[in-house]
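What follows is chain A paired twice: with chain B in the first complex and chain C in the second.
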Partner chain A sequence: MEHDEQQPSKAVDTEYEVIEPGHSYRSVTDHISAIVLTRKTPKTWLIGFGVSFMVLSLLLMSLGGLLVKGIGLWGVNQPVGWGFDIINFVWWIGIGHAGTLISAILLLLRQDWRTSINRFAEAMTLFAVACAGIYPVFHTGRPWLAYWLFPYPNTMGTWPQVLSPLVWDVFAVSTYATVSALFWYVGMIPDLATLRDRARAKGAKIFYGMLAMGWRGSARHWARYETASLLLAGLATPLVISVHTVVSFDFAVGIIPGWHATIFPPYFVAGAIFAGFAMVLTLSIPLRVFYKLEDFITNRHLDNMAKVMLATGLIVGYGYMMETFMAWYSGNPYESFLMKNRFSGPYMWFYWALITCNVLAPQILWWRRFRRNVTMLFVVSIIVSIGMWLERFIIIPVSLHRDFLPSSWGMYWPTSWDWMTFIGTLGLFASLMFIFLRLLPMISIFEMRTIVPPAEGRSKE
Partner chain B sequence: MSDFHAAKGRLYGLMAEFDNRYDLLEAAKASYAAGYRKMDAFSPMPIHGLDEAIGFKDRAMPLLVLLGGVVGCLGGFGLMYFITVIAYPMNVGGRPHFSWPAYIPPTFETTILCAAFAAVFGMLALNGLPRPHHPVFSVKRFALASRDRFFLLIEARDPLFHVEATRQFLEAQHAKEVEEVER
Partner chain C sequence: MTAERLSGMRNKALIAGAAALAVTAAGMAANPDQFWRSYLLGFLYWAGVPVGCLALLMLHHLVGGGWGIVIRRTLEAGTRTLPLVAVLILPVLMNIPRLYLWAQPDKVAHDELLKHKAPYLNTPFFLGRTAFYFAVWMALAWLLNKYSDGQEKSQSDGTWKPKLQLVSGLGLLLYGLTATFASVDWVMSLDPHWFSTIYGVMFMVGGALTAMSFVIVVMSRLVRSEPMAALMKPNHFHDLGNLMFAFVMLWAYVSFSQYLIIWSGNLPEEIPWYLHRFHGAWGYVAVALLLFHFALPFVLLLLRTIKRKAQVLAAVAIGMLIMRLVDMAWVVTPSFHGEHISLHWMDVTAPVGIGGLWVAFFLTQLSRRTLEPVEAHLLEGGH
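Entry: the complex of A and B
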């Protein structure tokens, strides 16, 4: 009877399995924990971390410069008051969304293929949110006073304007960061206990022992744990949708042509998932090669992620189409001017590059042949990441640089400080990712055990 | 007789080891049917039905999370009301101070935040974690409970517990090994 309670190992698709055959509880545990515990730090890891850390230093320099001089170092001014800071904030926060989607929504939909990618996708979320958070905090100009954004009784007798989407953003992003961190940590507790039990070095035993908090796999604990995980997933699902919706309100509530559109919330959420899956692919393709995880992150995973990317890419394409249609249909001269300006204005190359990256490039994913071609998939995912960055460029400075009055028109070009900050956050992201890969299990071990076909049968009666 | 009581005094329970989850589940069911109540089962991953087999039903968690959500919702909405109507009323284009539709997004976020806190900290508190040491860790082979082995513990404080009888009972349940757990 109990054999039937769980047969996820019988994959729907006979060609692709979510885990290669021949694995047992033991082999899964040993393989994943060995990456963290027993193997020597690989040379490639050291090189990768070294390079990322150097790039991270760029961020520290650029932020240091900003603290000394102020945001005059950035390219933002009238009429374009939002430049790289907001583009990159939205870009990073969007990337984070795929992690939550994989860990929460796919958990609720009982998609067992998510198991091997959810841990590092969640880590990606957390690190992407950390990168995103830097921008608005430093854009305040006086980041040491950023706590003024939170409502608390203060001696100035003031309170934040909670009717403004910018303050909603503070609530949304800080909640998102907190809940993602909790979700990630709670998901890791049983695996930390595994590492505690498998570690040989005393320091590692203590380190993982502290983090595991005395987890012992009791049936009572598992029952509450599963309820908590399921409820957290149920909470994180509307949360992730609300976060990018609130981010889109930052624009949609404003009366700038190109921003003031009701399609923004769904279009932003789809774009976020699109960008996020591109980033998960960008990370998982090299990871499975370097750490020999092809048995766990199989072609089925890549194939499914490519399909999600294609679907969300089509929604984003629909968003572009509707923006253009509404510019014409609304009869608003400012809106139609904006669209003409996008098509043939000074930033037209950005727009056509965006269409190429986000609408045309993903179309090849209709063919299974290309979805199976790992190199092709990697290239497409990078193109999509670039495309989604361009989308934010098109939405933010391109909408702002032609103000209502031609006398207040201007151009926006990022300065070297802007570039240093942006490239620096890529370094921060990569450094955090490298540290995570070295210290924590990148694949959820206990969830992998649940999809291992139960080879060990029951004892003979 | 006195020997037995002394042994029982420092004994936490008996731990049976299984090499697959079906044997554990059946042993847990059999133990419950035999009248044992103070027991626990340990596995490297969640096993559906195991909690019920040892007579455990989780009722508190969903209620706790609901409570967290309600507190977050009322607290968030109350905070918005307090800020915009009582503490710092501002005239924005002649709109009413009590502009409740604009309270919804932040209220939603505080609801989720408090419910998530309730889920995580409630789960840890009800599970009695963090608890760095526990008698079960004194069994050397218990380290495998986080890899590929399955354990059933019958505690010494169970009224039916008897070192020899319970050991024989567990061995009859296809246990690979039965070990004494010291306090």
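Entry: the complex of A and C
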């Protein structure tokens, strides 16, 4: 599967570069900064942003309706008290993890292939966390009182229940959002200064000038910068693990069959990275075509991301297997009923679709031929995103709808308001992404310059 | 020089092992039940090393890196000890009813849960599964060693590297499955009523940590003479120390996850496992694990100065190896005695005896081939 004898070794080598040959320092800077500064706003961008913005208004409508009427508009009720709100919260939070993994862990592991994808993967993290945060805050029913979730001295004599993983979530997610935003912004400062220096329009000069915070590129600036990014990477690394671990505790700490499983923490983390890399692929494959970035986001990047996806997908599959085996081995009738209910209950199609999307489909990534087939990769990445959404559906409503007492069983179906909110967050995510692509350098200019081969870099200066 | 050194170490290991085994055998006459329990403890501890070596070797073939090149010979020698491990499990397999409750028909007859599990927990299937695990591990070890030889002889990566990667990719998948079910069979089923879905991960991480610590100790001895003295630089030990650090953290992560989830659920079918292991003196062992299996190595391995000095890092690794045995004893022994701590002197002599034999065999395997790494030319000049 790994071998490919027909390919002459030379071809393999060039295809496995992190930057295509022939680039100099100048061409890298020109290419990336031009997207923001000199090129005219492409028509496709306007159409894409327009459509995303319209979809975003769906979110505003659905949340507006929610504030007027209350969460009775959603499909959640007894016995299924957690539905689309938590499914989509976990789905979006999971997607964010690839950004942090790429920017923090791969930086510490000295993986040079992260360079061209880290900037927009981090942006993706931030936007995904923004989408995720909407759900629990609005699920409280009174989002204007969301600050009650924080422990602060108050006259009401209330204090959050520190034994509840939902409170741990508040801290995990808000720390995650803060550190990710800092990491992203600090990493961008040298590039913002480049844009400030290259901008011709006065407005752009002021805009990037303020964002660049007086960066002059002196040796002292760089030394401080290096220290800061290493420290932030060190801070962000445990977050890759901790955030989704705490999310898994939301379920595993309870005793609902299907939730109370010790494998949940590592299996949730692997699932988050799996979903995150799928989303990075979904975004980077069209991006590199539209903005002609194939030289920077090369086949090697796609190949490596596909491998990460395959590995994490196998871990997720291991989680499914252990859950199924232990449901039988434990001899617990509720656990084994839950499994039977997943396999052949009213939501069985969701379960089998999940297995197809998350376990079967990624197996084609064992073959290099498919990892190099961009269309195929794009399709698999979308299938995995759907699969990871289905996984949260299986874990949340399917575990809740038939628990211990058959007299209190019931079904869960999302309402049109649920769908509007979910599709609306897709619009929010896409709108933020389009604004990011238009205003900020989507690839780290100065880091790309460090991987230009030195001889070539100088010869063309 | 290295050859002499290795054979000197081998003789010492052999003598220590034989002496400890002789003492333990004397104990067998007095207390056969305890002998087999202690033997199982020793076996489980040492079986983790070659299986962990196998996993680390496959991981290295997939992700590359200088850390793997310098320890590749050691890992390969570790995997070649698997036949000895297969021999070492035979006495356990001959005493299944003595060790495992589910193999005692009178107990099973009055226990609904054990009857439910009988299709899985029965002697013939248990033997078959154990044979299968060893078949898979030895086949992987054989292929990896064979291809590695091929790579060395041909002096080119063209044909051998893809083969090594293919075997490693599929091999890690098979390893994940076999190591998980081996831990369920050999250890978890000692408490046949209890279950935990993260158990296999805990054993895989624990085995990798034991193997990594063992490899660091071996490398700290090999680096005293050629060829490793010239090849291994402080940055290689730094990387190995970082890996050990990662496994310490992973061990703490999975152990804490299992504890928190079972503690908060507090279900009668799950919590006894922890009640037994926190009761009385076992509670102090649990605290010792927290302090010396996690907190202390965590702090020490954060320090660059420790990771870059081979001999200092090796001292941390030796401490880790001892704590791994304590952890294994904390997991295994209460299954036999419930909450009463009853560590027997054979719980020390049996692991030492089996370890002496295993280490001697390992050193023989290590001295059979050159220590010069296969891909030594890929190593950069270190700092």
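Quick note on the criterion: the second predicted complex is superposed on the first by the 440 of 461 C-alpha atoms of A that agree within 3 Å, B and C clash if a C-alpha of one lies under 4 Å from a C-alpha of the other, contacts with A are read in each partner's own complex, and residues count from 1 in each chain.
Please note the rule applied: a residue touches a chain if its C-beta (ideal position, glycine included) is under 8 Å from a C-beta of that chain, and two chains touch if they have at least 3 such contacts.
Owing to the predicted nature of the structure, the values given are computational and were not obtained by experimental measurement.
Peer 1: If you stack the two complexes on chain A, which partner ends up touching A:Thr158: first (chain B), second (chain C), both, or neither?
Peer 2: After superposition on chain A, A:Thr158 lies in contact with chain B alone.
Peer 1: Once chain A of both complexes is superposed, is A:Ile241 in touch with chain B (first), chain C (second), both, or neither?
Peer 2: Only chain C is touched by A:Ile241; chain B is not.
Peer 1: Look at A:Met213 in the shared chain and tell me whether it touches chain B only, chain C only, both, or neither; answer first, second, both or neither.
Peer 2: First partner only.
Peer 1: Contacts for A:Phe249 in the overlay, against chain B (first) and chain C (second): which applies, first, second, both or neither?
Peer 2: In the superposed model, A:Phe249 contacts both chain B and chain C.
Peer 1: Counting only touches as set out at the top, which of chain B and chain C does A:Arg26 meet: first, second, both, neither?
Peer 2: So A:Arg26 only meets chain B here.
Peer 1: Between chain B and chain C, whom does A:Gly331 touch in the aligned arrangement: first, second, both, or neither?
Peer 2: second
Peer 1: Which of the two, chain B or chain C, is in touch with more residues of chain A?
Peer 2: B
Peer 1: Name the contact category of A:Lys40: first (chain B only), second (chain C only), both, or neither.
Peer 2: Neither chain B nor chain C is touched by A:Lys40.
Peer 1: Look at A:Arg369 in the shared chain and tell me whether it touches chain B only, chain C only, both, or neither; answer first, second, both or neither.
Peer 2: Neither: A:Arg369 stays clear of chain B and chain C.
Peer 1: Tell me which partner A:Lys202 touches in the superposition: chain B (first), chain C (second), both or neither.
Peer 2: After superposition on chain A, A:Lys202 lies in contact with neither partner.
Peer 1: Is there a shared patch on chain A that both chain B and chain C touch, and which residues make it up?
Peer 2: The answer is residues 2-3, 163, 245, 249 of chain A.
Peer 1: Using the touch definition from the top, list the residues of chain C that touch chain A in their complex.
Peer 2: 112-113, 116-117, 120, 158, 162-163, 165-166, 169, 173, 176, 180, 184, 195-201, 253-254, 257-258, 260-262, 264-265, 267, 269
Peer 1: Tell me, which parts of chain B touch chain A in their complex?
Peer 2: 19-23, 25-26, 28, 40-51, 53-54, 56, 58, 60-62, 65, 79-80, 83-84, 87-88, 90, 92, 99, 102-103, 105-106, 108-110, 112-113, 115-117, 119-120, 122-124, 126-127, 129-134, 136-137, 142-148, 174
Peer 1: Show me the residue ranges of chain A that touch chain B in the complex, using the header's touch definition.
Peer 2: Answer in residue numbers: 2-3, 5-6, 24-26, 29-30, 151, 157-163, 165, 167-168, 171-172, 175, 178-179, 182-183, 186, 190, 193-194, 196-198, 209-210, 213-228, 231-232, 235-236, 238-239, 242, 245-246, 249, 446-447, 449-450, 454, 456-459.
Peer 1: Which chain A residues qualify as touching chain C in the complex?
Peer 2: 1-4, 9, 163, 241, 245, 249, 252-255, 260-266, 314, 318-319, 322-323, 326, 329-332, 366
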